[in-house]
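You will see chain A twice below: alongside chain B first, and alongside chain C after that.
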Partner chain A sequence: MIRRRKLSTALLVVMLCGIGTSSHAHVPLIAGELVEIEQPDISHALYGTIVAPDDVFVIRLAYDEPFALPFEILVPRRKGLEDHRPAFAVVGPGLPPPLPEHADLLPRSIPDGQGVFLEANDASERLLIFESFTRRVFWSSGPIALALPAGEFEVWIFSPEGTTGDFVLGFGVEEDFSSAGCGGLLEDWSTYAY
Partner chain B sequence: MPIDALLLAGVLASAPVSSEPAPSESAPVHARRGPARWYETSLADPRRFSLAGHFEAQLIGLAFGLHGEFLYRPFRADRGANLRVGVSLAGGPEFFYLPLALGWRQHFVPHHRVTLELGAGYEQQSFFVPGLDPVTRSAFYGEGGVAIRVIEQGFIGTQVIMSWAPFERPGPGLGLRLGFRWNFGPRRGVKPGR
Partner chain C sequence: MPHPSPLVAHFVALLAASLLGACNSSYDQAQSCEQYTACIRAQDELGGVETNLDRFDPGGACWGSEEQSKVCERACTRGLAFERARRADAPVECGS
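Let's look at the complex of A and B:
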């Protein structure tokens, strides 16, 4: 009987240890007026809320060598956000000048010698995704991979139609969760999840 | 050997060793021969089974629903080692959730009025999002709880469940349950509750 009890305990310990298996996901961040990304190749999710119609969130990325970086912008699928279509613009060297129809949408003028890629997020049908880490459902602009040369870039997140509400900008490739502090994750949990 | 010696030997051999009177046929089992030897009972003995139902809240992703589980004690019916099969159905603002679980549950001090519960196992988690194909993933779970005996065979209890899906669609889970467990079969012969 003692042997059986030991076997039961051992089984329990093995199963509990399985829960500790590590995994990878986007590193979550809270959007601010300006966010500097130290390791832009790592997969990030930038959570923010457009409160005023003219809000612009900026993230700054720097690359030592050319890099292909995927971007997508997400909006939580909620009835109140059906018309919320935040856009993002990647601004930096080696990108083309803005198209005339895009220039009017941009919240700021493009610095001399730089170009822009604009995701206006205006497709009639939006991609729907289930984010398994926070168990949330989002509308997505669809991931776009941009081939960027070495240099400094900014990503502007704004609302061309002046709508307000939550957004998540997903970008980066390499999955590395080591820089995400568990304490910060829990502290901002209500931002990421219900 | 003389005939009287043979007769004496025969009388001694047939006499009861103990001076206690023989138990009457109407005496309860445990009074006649001590605690029942439950491990000799049939594998289908009803005293090996429990059924439980709970209200469940999923705190990541937010969903509320019902949970049912079936427990089977493979070693001894009067001890706390259980195989567990569980299923839940929960709904929330963004999805419906259907986890199927197979695991181990240990009831510590199962004959006391207050019982501690600890378990772990495998869970197949399915999410049904309107507008998307079902999402299913493999996960490992751990659970801890406490149950209080309220009637001879019935407990009310609460449990915390944590899960981790490490593979294709990674993510955590956190849930709370509150409900009732019923142990089948008569409790006669089991140590009295304290």
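Let's look at the complex of A and C:
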């Protein structure tokens, strides 16, 4: 009887961990430090906190073929973050020059020969989404599919209005089951579940 | 070897079935993504390149769960608008 219970429990844990590992790849972000994404073709959720109004987070993606994927920026829906609207800019080859109304928002100038997609995250109505992995509700900028040519891109995350607080940059769709484990999930739970 | 109690066996069978069902769930490609992929492919043809659109195509990663399918449906709607706005000479597949 005891052996049977142990077997059932073990099976349940393995199955639940299996659910847990269907997570997005995750990378904690630190302002001012360049983060290079090793597998930009899989889904990522990148967590960071804007502490100072002029913080800029930089992520580098490199594609060896033209590649289309969705991007969005999320903010945990909680008191104190109602006005926190971090923006992101995808900067690289094949993108258009900044719109005049966007040029002043960017924290850096666009390198010669490159263009930008700016998600100003300023829609009058904010999209609310339930994220099933963390089981939390976020405000979303609204996802957008971007078709990028082969080459190197940077994503800049910043706060045009100088607000501070947490954010999550999400991009991609395909999930990678190989690197996450149940232990890692529990170990990092405070990162995922604010 | 002792058999599991009917209750445990029933629970495990239910859990396994629901997990297998979740793994195999599939949603139809959203119309916005059908338009978006047609637009990008038309642009690719003009430029002589081929964009990897696998995830947005029918059977792609976008359509494996309800949550992802909603993300992709919205992403394609906005992506299509971005493509229209950035090119005055966008192919007809991109709409107007």
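Definition applied: the second predicted complex is superposed on the first by the 153 of 194 C-alpha atoms of A that agree within 3 Å, B and C clash if a C-alpha of one lies under 4 Å from a C-alpha of the other, contacts with A are read in each partner's own complex, and residues count from 1 in each chain.
Convention: contacts are C-beta pairs under 8 Å (C-beta built on N, C-alpha and C of every residue); 3 or more make two chains touch, one makes a residue touch a chain.
All values reported here derive from a predicted model rather than from experimental measurement.
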item	value
Partner chain in contact with A:Ala147 - chain B first, chain C second, else both or neither	second
Touching partner for A:Ser132 - first (chain B), second (chain C), both, neither	both
Contacts of A:Ile110 with chain B and chain C, given as first, second, both or neither	neither
Partner chain in contact with A:Arg77 - chain B first, chain C second, else both or neither	first
Which of chain B and chain C A:Val56 touches, first, second, both or neither	neither
Common interface residues of chain A - those touching chain B in one complex and chain C in the other	1, 4, 8, 11-12, 15, 18-19, 130, 132
Interface residues, chain A side, partner chain B - complex	1, 4-5, 8-9, 11-12, 15-16, 18-25, 77-78, 128-130, 132-137, 193-194
Interface residues, chain A side, partner chain C - complex	1, 3-4, 7-8, 11-12, 15, 18-19, 41, 65-72, 96, 117, 127, 130-132, 142-147, 149, 172-175
List of chain C residues in touch with chain A within their complex	2, 4-5, 8, 12, 15-16, 19, 33, 36, 40, 43-44, 49-53, 55-56, 60-62, 67-68, 71-72, 74-76, 78-80, 82-83, 86
Residue ranges of chain B touching chain A (in the complex, touch as defined)	39, 58-62, 75-76, 81, 92-95, 103-104, 106, 118-121, 127, 129, 131-132, 135, 137, 140-142, 162-167, 169-173
